[in-house]
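Chain IDs A, B, C, D, E and F follow the sequence of writing; residue 1 opens each chain.
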Amino acid sequence: MRYIGELRDGEMLKEVYLCKQKQVLKTKAGKSYYSLLLQDKTGTLDAKVWELSNGIETFDAMDYICVDGQVTSFQNSLQLNIKRIRKCQEGEYSEEDYMPVSTKNIADMFKELLVFIDQIKQPHLKKLVDSFYKEDKDFVKAFQYHSAAKSVHHGFIGGLLEHTLGVVKMCDYMANNYPVINRDLLITAALFHDIGKMSEISRFPENDYTDDGQLLGHIYIGTEMIGERIRKIPNFPAKLSNELKHCILAHHGELEYGSPKKPAIIEAMALNFADNADAKLQTMIELFQASDEKVEWIGYNRYFETNIRRSSEN
Amino acid sequence: MRYIGELRDGEMLKEVYLCKQKQVLKTKAGKSYYSLLLQDKTGTLDAKVWELSNGIETFDAMDYICVDGQVTSFQNSLQLNIKRIRKCQEGEYSEEDYMPVSTKNIADMFKELLVFIDQIKQPHLKKLVDSFYKEDKDFVKAFQYHSAAKSVHHGFIGGLLEHTLGVVKMCDYMANNYPVINRDLLITAALFHDIGKMSEISRFPENDYTDDGQLLGHIYIGTEMIGERIRKIPNFPAKLSNELKHCILAHHGELEYGSPKKPAIIEAMALNFADNADAKLQTMIELFQASDEKVEWIGYNRYFETNIRRSSEN
Amino acid sequence: MRYIGELRDGEMLKEVYLCKQKQVLKTKAGKSYYSLLLQDKTGTLDAKVWELSNGIETFDAMDYICVDGQVTSFQNSLQLNIKRIRKCQEGEYSEEDYMPVSTKNIADMFKELLVFIDQIKQPHLKKLVDSFYKEDKDFVKAFQYHSAAKSVHHGFIGGLLEHTLGVVKMCDYMANNYPVINRDLLITAALFHDIGKMSEISRFPENDYTDDGQLLGHIYIGTEMIGERIRKIPNFPAKLSNELKHCILAHHGELEYGSPKKPAIIEAMALNFADNADAKLQTMIELFQASDEKVEWIGYNRYFETNIRRSSEN
Amino acid sequence: MRYIGELRDGEMLKEVYLCKQKQVLKTKAGKSYYSLLLQDKTGTLDAKVWELSNGIETFDAMDYICVDGQVTSFQNSLQLNIKRIRKCQEGEYSEEDYMPVSTKNIADMFKELLVFIDQIKQPHLKKLVDSFYKEDKDFVKAFQYHSAAKSVHHGFIGGLLEHTLGVVKMCDYMANNYPVINRDLLITAALFHDIGKMSEISRFPENDYTDDGQLLGHIYIGTEMIGERIRKIPNFPAKLSNELKHCILAHHGELEYGSPKKPAIIEAMALNFADNADAKLQTMIELFQASDEKVEWIGYNRYFETNIRRSSEN
Amino acid sequence: MRYIGELRDGEMLKEVYLCKQKQVLKTKAGKSYYSLLLQDKTGTLDAKVWELSNGIETFDAMDYICVDGQVTSFQNSLQLNIKRIRKCQEGEYSEEDYMPVSTKNIADMFKELLVFIDQIKQPHLKKLVDSFYKEDKDFVKAFQYHSAAKSVHHGFIGGLLEHTLGVVKMCDYMANNYPVINRDLLITAALFHDIGKMSEISRFPENDYTDDGQLLGHIYIGTEMIGERIRKIPNFPAKLSNELKHCILAHHGELEYGSPKKPAIIEAMALNFADNADAKLQTMIELFQASDEKVEWIGYNRYFETNIRRSSEN
Amino acid sequence: MRYIGELRDGEMLKEVYLCKQKQVLKTKAGKSYYSLLLQDKTGTLDAKVWELSNGIETFDAMDYICVDGQVTSFQNSLQLNIKRIRKCQEGEYSEEDYMPVSTKNIADMFKELLVFIDQIKQPHLKKLVDSFYKEDKDFVKAFQYHSAAKSVHHGFIGGLLEHTLGVVKMCDYMANNYPVINRDLLITAALFHDIGKMSEISRFPENDYTDDGQLLGHIYIGTEMIGERIRKIPNFPAKLSNELKHCILAHHGELEYGSPKKPAIIEAMALNFADNADAKLQTMIELFQASDEKVEWIGYNRYFETNIRRSSEN
């Protein structure tokens, strides 16, 4: 496959890409044309269809299309002038080529997660966790595939799983080292803390904020998801339910970061530390990956509000 | 009835009060005694039972008890030395004498609220509102009785109703004057914006924060209550559901005031304005009531972060 | 009239516009030319006069000029190449065509305002209000014509009147529903709260911040205007004068929003709520008007610090 | 004179004090008595008049009274039991003994100020300054006598003068060392920057916030005082008037410190620096004076938000 | 030994305590007496020596003294009336009885720390760490004994070691799980991050802020200690030195928490997370220990700015 | 010399400039070329070397090079097309022509500083100051040459000296006028307060943040420099050392401005006022210099967070 990141000015191209956006515009002369945004896992490419002839099949945004045209340069960026478009069928392309994906093996990560799940002993929490992670195949499939962000950290296929595993592991460390922590409660909360993102952000290839995502946010959505499931588990202790839901609500740590309550129990605090640490360390890792290896100071970062620098190698 | 606010040093007393708190303590000499907090609608009174004899019947905190003893003065405060206690039966006392209550007629306020409810036309919202305010008798009874706060504004019987009515009326004003507002959505949101307080704060006479109240907060609780009921109404439009839930989530206006989302739609903004205005105007009214009428400057108020002054009379 | 918003690339044009800005520049070759910004109520247009010949009459910024030329396209924007310019006389054009104007009838709004004015009973406040709104014809004319902002909300002819009326009406609602409020004081404060803007922002067509506006601000200017007039009314009670001036000083609600004092009396609070609500609801309305009706999420707004969305229709 | 700071438990006393507060209270037995707060420059003393007999002349708060009684100790504080009270006449006491007063000579400080006043050359500023500091005898008398605060820094007779002189001198330093500064403008602004305090705080012996002080603040009041006087000076340049008023409005430097505008011109910045430096250095000096000389770390200070320490001696 | 926490009103007592404070005061009658604060590991006790006779040996604050007297009750607190005092010699008492001490074994914790120290491979870091933790016996002794705070978390003997170990272990976890982290750098930084506290807080029994502590703070002091030692290690790489010192400077994470730089490298971030998590989890543990086990909600905590609650047991 | 600020489109040029940056890039066709940034004291100029022939000598960034080429215009900016480059020798150019330099005479300023240095009497402070400013020739040379900033205020040769002198003089003013100030301590602190900038920012012509600058900051670096030197002065009093170092650490005044401690002693406060005032007044002066003299309002400034205006002339 010819990846977008490798294209050069002037080359003729026939390749399948994901059509991320499609706009019908008019030239000043009043003639309609298409302005497209094509995507593969290496990036995006602006494309134009100036002649809406027979060679251009009907397609929509989010379709995979086979495009035929020439790469040109416009205002320092590459652009594709498309002559033909054919809509592709499932099987003609491999989704992984078109979307960013975790560098780690998804099946392996999920297996690692199951080990922690199997250690939960409190019977109601166990029932709750199993009802999602063992019995709900649709959930499991979607969970493994989802990203944890539109951009920033873990914004790729498998990202939600990778982040959840990272948080669960750090919570496991804390439960082992600070025995006052209720281990089952903390691990359960870690497993569920970001599942609201499965509604907040749409599935790949779109991976964008949904209407509920913007209006309600993953903190509310995830807590309500848990609340609904808990009501179906007989005799789930009210106190434990409150604690679990509190952990999810409070996991951003501060009201100004979108948690409607600050952590009031030690497990909510521990979850907040683990979530924050995993998210920020991964953000740093992605910053390093996205910048030239030879550059030490990789510039000001708005999220961290400071300049960032690679450190001496191990 | 002899109210707490009228008691004087030295008087002999036999009267029924609500026992708000009960502690079993020991004197330095090691003898057990009771330290009680008695309450009626005019205030609270510290009381001691030094001799735990036959004359002291068994009772618990939150019981209504008939106490027999003498008022004394201790460190500038009045205190009651109790000789006898008898636990009272329902019927021996009138709850209204023991708890703060709205100065307005509760039945009248509820009738006024029903007028607004009957104006809602959008069928799903109508079904949702009716399911609470018309069909759910337990809800209606509890709603009318509940306070809207432990202290601060509307912290009395009927307070939740009075505040809800105040907010609904101001929202009605705004819907009438700014036609871009979706009237049915805004009135519905106003009707439900604080119902989470029915779980956040326990019923009178206790009127204190509950475990869910402290861990989850009325914003989350109320939104989840609506979410649960919506799922039972067939074909409730997802977009409308998001909007309504968003209004409740966002009604504190800012993340740092406990809303996990800022108002993104005009109805959420309008609800925030109405809630804020009714709450703060009522807080001022209660400050005026609680202070000497002749004093103009009634001192620094931490909630408003300024000194407060009565203004010239109309 | 051919409005700027309707022009197309290539068309020949002869039309009267307001010249908002005029710069004399030099080409690289050292030849002088004019760079103009033309305006009508539909927008602005960049224009160039490359040849400063006899056909170009003498004119200044803020003159109405009749321009003769051709529309071209430069870097995706339209531009006018002007061949001839004639300065227009009053009468040749209608100001309303060249500036944004309230969608409501100005005379009707002012009549509505007078109804509230006539309800003021306190004699000193009545004298003060009448001295501006009934006896001072220059004030009344300028007030009706003024905008309430350079951009943001109510930034059009009649905007100050429209906003003042909106605030007065909401204050009237509050005075009616919270009887502790001193109605005459609140309505008077509402009527005057933004009159400082008449000095802070210059008259249309300029509608820009003045030197006093930037150095002193409308809060100070308006309060001083009232203070000066009060000194001419015999026996105006000092206390009432302090209260009225305080309402104006404090109407932004917080020090960080430019009020040198926080609201200390209930009327100042009520005015702050009404001002804030009317300003923000109108800002939302203008955001909706400025964006494509079919787009639900109209993007991040810096003033509200959140993404904004249209809600379901009534 | 027997000062309050030197009184001892048990001593018999006949002395003149200022009666700062007077309350008529009732004992539990229902008998009326007076609770007084007596003051001299060394502090205050709680006093009681238990028998309201002939020996107790009629007097009010803020009167100077000759009291006759015995010092006792109550809850670790001294208290005076008064037997006789006689209201004093002017001449029987010297005000300086009853109020805190500047350690510097008031006449000398005013002379030093006049030197700076005489250096002002710009004719309109000169006229304005002279109209207060040379021609307005009442102003001059009151200005010299006034404090600059209720407590904190310069809260004593002559305090406003001492602070004004300190600020003028530092402004003079800055004008000399940063020639871009308009010297006359800066010195004039410094001379007037706190004159609003003459209305914000009542005269000694009361020295408390007034109604206008609390509602309007010295920043607004002072600026309006200048504005009013400027209108009486023919042809005072509008630009210069704006600049001078801006300096006063902006002299607190930040909106959150009560300035409705931030400094926009260099003179306003310089004034803010000088005012801030003189106020804080003097606050430190007063903290040192109020604490034991042998103590190095004199504790946490809320104004500075840090622990404060004396430094090594010169 | 008779601990302070077990004393009762009226008992006669002869016991050794640490004299934390000693003041010489005068009764109203002018007679000198001593007011002492006695301490053991269970708390403090107010004590008075009314008769300064032969039975009272010479002693100073921070001496261990054997006191002979009777426990009485004064204003709801116990107080000791001392008849005799004898200054004790080393050997007569065991320091551990008089000061709070870690619940963990100090020698064991130090051994655990040495394991991590031995894993450091980078030669310059190894030399630096060894120069403190292996070769500097005085340092090792003082480090093991020191507390990490005056109060709040780890404010006991062995506290600095316990906290350092907690942070090192969490850093070890992070280095193992996020391979981009430079392990040697992070572990070294963790080992040194709070050594400045050895100068900031005086040794037990005083355990109070020192003059350098208050003026310079442990962040600066610790970084300078490392900087000084680094200069003695030949060819220590400048870049590595900068990174290590940066980690210590930045370990509070934000400027407003006293770090003069925000974390710019991933090791500084990781250290900040580990320090924060260990400190806050330990603070929670100490809050639980200090409160009644049966109470769920243990009240508002100023450090966490929320109410705190025990969670369900494991 | 032909300065960059005077170049015009089309002119042929042969001149020596400092090569601030040098990048080797490739055209789309794959051919290598140089993209340079040339600098003199009047500004910078983008330059290209399209043909890497014999005429282009070997050179690096930060070399002075003699360039031969033609000025062209590209996207509204001037650009130089270079045909030949020759690397220059010291002596062929005068550094002062290539870098911004103080408008004041460096030798004169240093002499003025020495007067203050000679007034220091406290023997240890005197020894410390002399060890830098009199005995350390390298320090003196570098100090005189250094800038005080990368951009903002005093970002030119001699800037550190000019700013230090400005601060010392204002401190001298304060020591003279507030006698409680320890003069020697304050003047010494002022002399050293920014010397950390000599490591934080590299020497001209680079004048950019160094690795230690970014990781440690000039506050830490400067304090450590003083700490190191103090250790070499026998019997330097610990208290005085703490005070001096505290002044440097605290001279930014607030934690959020990068000081790890707030000023706790009066000299630290005074230094903070002087540093702040000199820096901001100079920033204003540079803003005036950088803008058109005829423009009154010179626009919004992010550092001051307000619009800035020239004031009326003296």
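One rule holds for everything that comes next: a residue touches a chain if its C-beta (ideal position, glycine included) is under 8 Å from a C-beta of that chain, and two chains touch if they have at least 3 such contacts.
Fair warning: this is a prediction, and the values are worked out from it, not measured in the lab.
When the partners of subunit B are compared with those of subunit E, the chains appearing in both lists are A, D. Chain centres computed from CA atoms place A at the largest separation from subunit D. Interface of subunit C with subunit D: the two copies contact each other largely through the same residue positions, with over half of all numbers used appearing on both sides.
If you average the CA atoms of subunit C and of subunit E, the two centres end up 62 Å from each other.
Centre-to-centre separation of subunit D and subunit F, using mean CA positions: 43 Å.
Touching of two or more other chains is recorded for residues 211, 214-215, 239, 243, 261, 264-265, 307, 309 of subunit A.
Under the contact rule stated at the top, the pairs of chains that touch are A-B, A-C, A-E, A-F, B-C, B-D, B-E, C-D, C-F, D-E, D-F, E-F.
Residues of subunit F touching subunit A in their complex: 28, 211, 214-215. Partner subunit C is touched in their complex by these residues of subunit B: 166, 169-170, 173-174, 177-178, 180-185, 237, 239-240, 243, 261-267, 269-270, 273, 276-277, 280-281, 284-285, 288, 304-314. For subunit C in complex with subunit A, the touching residues are 8-10, 73, 296-297, 307, 309.
Per the touch definition, subunit C reaches subunit D in the complex via residues 211-212, 214-217, 219-220, 223-224, 227-228, 238-239, 242-243, 245-246, 249, 255-261, 264-265.
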